[in-house]
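Notes to accompany the following structure.
First chain written, first letter: the chains are A, B, C and D, and each begins at residue 1.
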Amino acid sequence: MVLPFNPQDQPHESEFSLDFNAKPWTLDRVITSCTDEGQVAIQELMGALVEQGWDGSEFFQVNMAAEEAVVNAIEHGNKRDPCKSVHLLFRVSPTEIYLEITDQGSGFNPDTLPDPTDEDLIEKPRGRGVMLIKEFMSEVHYNDRGNSVVMIKRRSAETGDSDSNG
Amino acid sequence: MVLPFNPQDQPHESEFSLDFNAKPWTLDRVITSCTDEGQVAIQELMGALVEQGWDGSEFFQVNMAAEEAVVNAIEHGNKRDPCKSVHLLFRVSPTEIYLEITDQGSGFNPDTLPDPTDEDLIEKPRGRGVMLIKEFMSEVHYNDRGNSVVMIKRRSAETGDSDSNG
Amino acid sequence: MATPKRIVVNEQDGVSVVRFVDRKIVDSSSIEQLGEELIALVTVDKRNMLLLNFENVEFLSSAALNKLISLRNKIKPTGGTLKLCNLHKDIEQVFKITKLDKLIEILPNEEKGLASFK
Amino acid sequence: MATPKRIVVNEQDGVSVVRFVDRKIVDSSSIEQLGEELIALVTVDKRNMLLLNFENVEFLSSAALNKLISLRNKIKPTGGTLKLCNLHKDIEQVFKITKLDKLIEILPNEEKGLASFK
């Protein structure tokens, strides 16, 4: 693979290099309702992040959001049905990450989820994935049915060990 | 697809046509632990049987054996695990059908299965698949582990509505 | 019961004659549904004289056979009877090999099937 | 208990110090196993003063978080305590966002962790 960006050479964004040289990395894949297959795709995604100069907290946060969304698609969306699949569309450029994850379930309403930090829920061992996705990504959009999520992470002004959340 | 044999033209086997003209139909496919995917492959198999002049009881029996073996691979072998797959290798010529079905389970011993026709088992709603496979195919071989079966059906001398079992 | 989707039921001389919608009884969710509809005939509709007419059925898997056995087991303690008729010869062969023809009576056609209940 | 595979446990001043084998706690079967091993510390080995040292851990998913909550819930009624130390800053951030740092005490390092049990 030819790297459009070498992080060592070009530590800072520049509109020129972005528009004319940056060939965003793309993964477009249909996986079965198997988290191992999801893991493989996320490993490839994280490799692309490294190649395109993402690191530190942003790297961690994208890893977390991808992990939670893929597991939700398989577990809650497809209910691990071996006849159902998950469509992954990942794009990584040096300045922006686009993750689209679509399952074949009946969806849900992310706006009516209970707050897992509430006193009566804080001891429950569940219900933190969507919250972390929303905290860690710059934009999160579910479709109306709720079986597809688009998550965008924009590079913060500071490169490297930024601790920005979203 | 070019049919190597047209049943109307060549209702009887001939060694010549077999060896030199017959291009056996082949399906070599990995499916997930999803019976719908198994169904699609079996439909294609049955289409190939028609094309190669199989019909009547032999058609029915091969359909049954394929169905039972694929369902067993998915259900008992892979236990419907979405991370596991089944390998199908089907070959159909006008005189012989070869079906190889391999799952990723831990296998079983087909020789120690109880006889479902026993008085104390006859009312149980299970345990007839392997028996029907053995009855309906000319040869059935499980590998040592028991996660792979090879089933062969040879065309009986009588073509058409034969009621031979195996 | 909810309107059945995999079977069509007709009452005739006190016997429920059941026909099948599918020519091939093989898809696992259809088989599950079929099983539920057949059992509901007994548990919900309280019918226990059942004649299943297989005229339309070209193929059925052992999973479908299992549903018939479960149906027979459900009917038996009610004092009712399950019978089959109009089996294609290959399907009848399946019943013979598995000796299920000893468990569930098979009649050649609907007329003889109905008569056998008298 | 069976030899743990996902954790390494050392007794120190009456506290069980637990370290993790995996740098990324994310694979679902590993998480299940991890959860069982942690719970067995309490239910089988009757240890209830636990300090989990996250030094080796770079990443963990919410499924792994859930196992920690279950562990905390198991320990609480025994009168014991679960504490964590040496969290990477991004993981500590996860605990802050989810307010789990209010449920499970987090110490900067093992020394302070051990001292806090005194």
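Quick note on the criterion: contacts are C-beta pairs under 8 Å (C-beta built on N, C-alpha and C of every residue); 3 or more make two chains touch, one makes a residue touch a chain.
Since we're looking at a predicted model, the values are computed, not measured.
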| item | value |
| --- | --- |
| Smallest count of steps, each to a touching chain, taking chain A to chain C | 2 |
| Mean-CA-position distance for chain D and chain C (Å) | 57 |
| Centre-of-Cα separation between chain D and chain B, whole angstrom | 52 |
| Chain A and chain D, separation of their C-alpha mean positions in angstrom | 26 |
| Chain B: positions in contact with at least two other chains | 35-36 |
| Residues of chain D whose C-beta touches two or more other chains | none |
| Set of all touching chain pairs, with the criterion as stated earlier | A-B, A-D, B-C |
| Residues of chain B touching chain C in the complex | 35-36, 39, 57, 60-61, 63-64, 67-68, 71, 116-117, 122-126, 128-129, 131-132, 135, 163, 165 |
| Complex contact set, residues of chain B against chain A | 32-37, 74, 80-83 |
| Residue ranges of chain C in contact with chain B within the complex | 26-28, 58-59, 61-63, 65-67, 69-70, 72-73, 89-90, 93-94, 97-100, 102-103 |
